[in-house]
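Every chain is named by a letter (A, B, C and D) in the order it is written, and numbering of its residues begins at 1.
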Amino acid sequence: MALKEVGPMEPIRTHMQIPREELIAPGHSACQGCGHFIIVRHLLKAAGPNTIVVNPTGCLEVVTTVFPYSSWKVPWIHVAFENGGSVASGVEAAIKSLQKKGILPKDERINVVVFAGDGGTVDIGFQSLSGMFERRHKVVYVLLDNEAYMNTGIQRSGSTPYGAWTTTTPVGKRWKGEWRVRKDMMQIAVAHHVPYAATINPAYPVDMYNKMVKALKAEGPAFLHAYSPCPTGWRFDPSLTVEVARMAVLTGYWVLYEYDHGNYKVTVPVLKRKPVREFVKMQGRFRHMTEEQIKKLQEIIDEQVEHINKLVGKTVIGPVVEEQKK
Amino acid sequence: MITMVKMVRKALTTNYAVAHAAKDSDVDVIAAYPITPSTPAAEKLAEYVANGELDAEYVHVESEHSAASALVGASAVGARAFTVTASQGLIYMSEVLYIASGLRLPIVLGVASRALSAPLSIWGDMHDIAPLRDAGLIIYFVSSAQEAYDSVIQAFKVAEDPRVHLPAIVDYDGFIMSHVTEPVDVIDREDVLKYIPKKVTWNTLNPKQPISIGTVGDPDYYYEFKYQQQVAMENAVKVAEEADKEFEKMFGRGYGLIEEYRMDDAEVAMIAYGAHAGTARVAVDKAREEGIKVGLIKLRLWRPFPTEHLMKALENVSVVGVLDRAMALGAPRQGPVVKDVISMYASDPSKAPKVASYALAIGQRDVKIEDLVAVAKQLDEFAKGKEIPNKTICIGLRE
Amino acid sequence: MSLVEIRWHGRGGQGAVTASEITAIAAIDQGKYAQAFPSFGVERRGAPVEAFTRIDDKPIYIRTKVYEPDIIVVLDPTLLGPEIARGLKENGLAVVNTDKSPEEVKKLLGRDDIKVAIVDATKIALETLKRPIVNTAILGAFVKASGLVDLDHVLKAVKSKVPPRTVEANLEAVRRAYEEVVIA
Amino acid sequence: MTLPGWKELPEGAVVREPGNTVTISTGEWRVFKPVIIDEKCTRCRLCWIYCPDGTIIEVDDPNAPLGKRYEVDYEHCKGCGICWKECPVNAIEWVPEER
């Protein structure tokens, strides 16, 4: 017998249990195939209607809330670009204070969720996020990572991967796309002693949903690093969003793991990794890459995989296995 | 009529008076970051929360920008939200303060005004508050710890009024007020809350009635929302006056939006604000002893600017000297307030007195009574026909 | 009573600022108007510091520094010199922590047109508090010599400002200096 | 159409009608449209899961296999094609729009 849909904040075993109710409406102006909305739709389903969303400036904000319209069926606030962490801190502090004083119902749980982009998180919003983590505000902070400033037209961020073309890391005589290694936000979150941190990916909805439930139930700040393919900025056909997201996992480019109260766990093991070339060749932003650059990127990924395997204490993400040519 | 309200006289610095007022206003959320010279107020608030005198959440933010941001978040949930800051901290907050005004959230701030770097100066002047004049904030200048205490309470009243819904700042001089201990009659919290009952009338984030706050205003809409803020500012003049009158009725102390001293028969006048309004008052008495018919207008509400009140007070004055404490570099006159005074008469310059612009107390250069007596004498000379320099006159500046 | 201005001289850590505040608190408690403030800036332990008190029966509006004090109070004997007495009004009062004679103090200050009140506050502090924090001791001398504020109000203000476990010792220091001060 | 004046607009540019973008049509964005072949559909729900815009509608239908079927909200579907790509049984056809 099929499992029934669950209520908010309950874990699921299959995607058939994801609640039907939509808390974000269509009609917004996100690009075709935007990865953000697969993620946001499901995380809101997991959180339920008793949720306040804080949304620093970015694609998600501008495409959903051009006055007099809003796609959000939950209370939502945008203040500025660099202060998602601090605005959420204030929202959470106010809920706490007003509940204590009996102005808000004491027994009613109100979730506070931040949806922020990579620019608003790893760059300009970094300090405010760090403060929020360190002060132990009960907030779920979701980083919707599309690996560049897409809202302003594809400029590089501290999350842009090695090799990627952006408008500020163009391919020219001297520059050949981004040449540095991106920030490791998971480790930065863990260094703040957050109780729960995890990577998520829209191609893996059950894993994503359950991590949201865990994040919401954590007794302090929780961090979800969401991989969010951007057809516009990464230069691929919008129909491939989920495929690109999946390939990121299958190549070990995006390892799905969690840090749960001190314990690391890879939640989607990949025993035979595909070469990162498979991921690279799907996207126009990597088109210029030389064999040498691809090799360098593969090394970066190998190192990252090795690091995560070390964290979990066993080889859960396996070696690269080239497919046999037919 | 003064009702039977319980008051206790305490010896407080203005920093402590401001913190005390926030406590008596039963603020729900404080987010504060230390910066000289407002730090003792942030410490005192922490002490109140630590020992249970104030039931509030104290957010130990990692910057002033985050302090303002957290207050916006808190206010948007319906909390009474408060902070203190100064100088670089206020400027760092300014981005968010513009937004708080645009979102129409009634947060209140105490600002211990201090110079801006460079060179680094921890000392008092009003370079920090000056650029905030266009941000859509209600700004009070106060001249004593008592007035600071009373004005914080009044600021909540005005900011939270449905005709206004704007953030408010109570600005007091760094050090020469923030660190000076003086008598303050504090009011029982119960009575304060009769004056400012906790009633949320602004837009809030509530899962039962979800709304979206902080939307994009495209060219079809932005202008109208900015104009709404201007209307709220215009309303705030009246609301601030009402709030002051009601305060006086309940607690026996009122200040008006401007305070006139010996203006009845004054031929020339000084406009001063903040701590120096006190010194100017002493100087007016001395100058009067020497036969100079000078009066003083203490500007209390800077934003919104009490244009009508001020024009009326200046009706019979031939020369007015504006004592400003910040330098608007490169402007026709350096003072922030003098520019407002001049522009009051834009539609009919024939009504205007002659205006002399003075800069003083920059970077807390001390201003003596004699300095201001000299200003009074100079204004008298201007009234008698001496030409007023076509630029700001710098008091106490070494050549 | 008209405006009285007091300037306090000490070294960082000796409690000159606190003494200026206690005086204002006591005056306010007594129904007078008062201001107390430090010399505004960065305070460092050991460095010479100044603090100020103004007392009046009427509200005080003036916000300048104190240039011509009616009274100076010197917490540290090593600070004695003509510079300390700058601006002190004729017939003004200098309250000094010292083991020297009034004549020697006048000579060190370079002024013979003033009154001095001397007390060995360091000795009193060492005997009562067991530490050379002289501000409460010098307060006792100041109260007696100036007659500006009542001892009772000063004792009350001291209680509110010193650490709870040192209250008794501090009150004792005030009282002893009040008794031992020599005015000349 | 005349837009409201400042007096008629809500304070602080808040939007009080949650989810009112639903009144905006984004269906014209499409060049191709997904067409669900109900007979082929196994009710696996993946198109509903992966649609970014929530424009695959799950409809209860007692007469349908497993009691439900899937429809496309053509008013809002932008035609990204993810459902078509992700359908494991090729039950979604990708058909050029004709306007």
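List of remarks:
Just so we're on the same page, contacts are C-beta pairs under 8 Å (C-beta built on N, C-alpha and C of every residue); 3 or more make two chains touch, one makes a residue touch a chain.
Everything numeric in this text was worked out from a predicted model, so none of it was measured.
Chain centroids computed from C-alpha atoms place B closest to the centre of all protein C-alpha atoms shown.
By number of C-beta pairs in contact, chains A-B lead all other pairings. The distance from the centre of subunit B to the centre of subunit D, each centre being the mean of the chain's C-alpha atoms, comes to 53 Å. With each centre defined as the average position of its C-alpha atoms, the distance from subunit A to subunit B rounds to 44 Å. In this assembly, the C-alpha centroid of subunit A lies 64 Å from the C-alpha centroid of subunit C.
Separating the CA-averaged centres of subunit C and subunit D is a span of 81 Å.
Along subunit A, residues 65, 67-70, 72-74 each make contact with two or more other chains.
The set of subunit B residues that touch two or more partner chains comprises 103, 210-215, 217, 221.
With touch defined as above, subunit C holds no residue shared between interfaces to two or more other chains.
Of all possible chain pairs, those that touch are A-B, A-D, B-C, B-D. Remark: subunit B residues 102-105, 165, 202-203, 210-215, 217, 220-221, 224-225, 227-228, 231 touch subunit D in the complex.
Every residue of subunit B that touches subunit A in the complex is listed here, in rising order: 28-29, 31, 55-57, 59-63, 65-67, 69-79, 81, 95-96, 99, 103, 198, 205-207, 210-218, 221. Listing the residues of subunit D that touch subunit A in their complex gives 13, 15, 17-26, 29, 45-46, 49-55, 58, 66, 73, 76, 78-82, 84-86. Considering their complex, residues 3-6, 9-16, 18 of subunit D touch subunit B. Against subunit B, the residues of subunit A that register as touching in their complex are 49-52, 54, 61-62, 65-70, 72-80, 82-83, 85-98, 100-101, 103-104, 110, 127-128, 130-131, 134-135.
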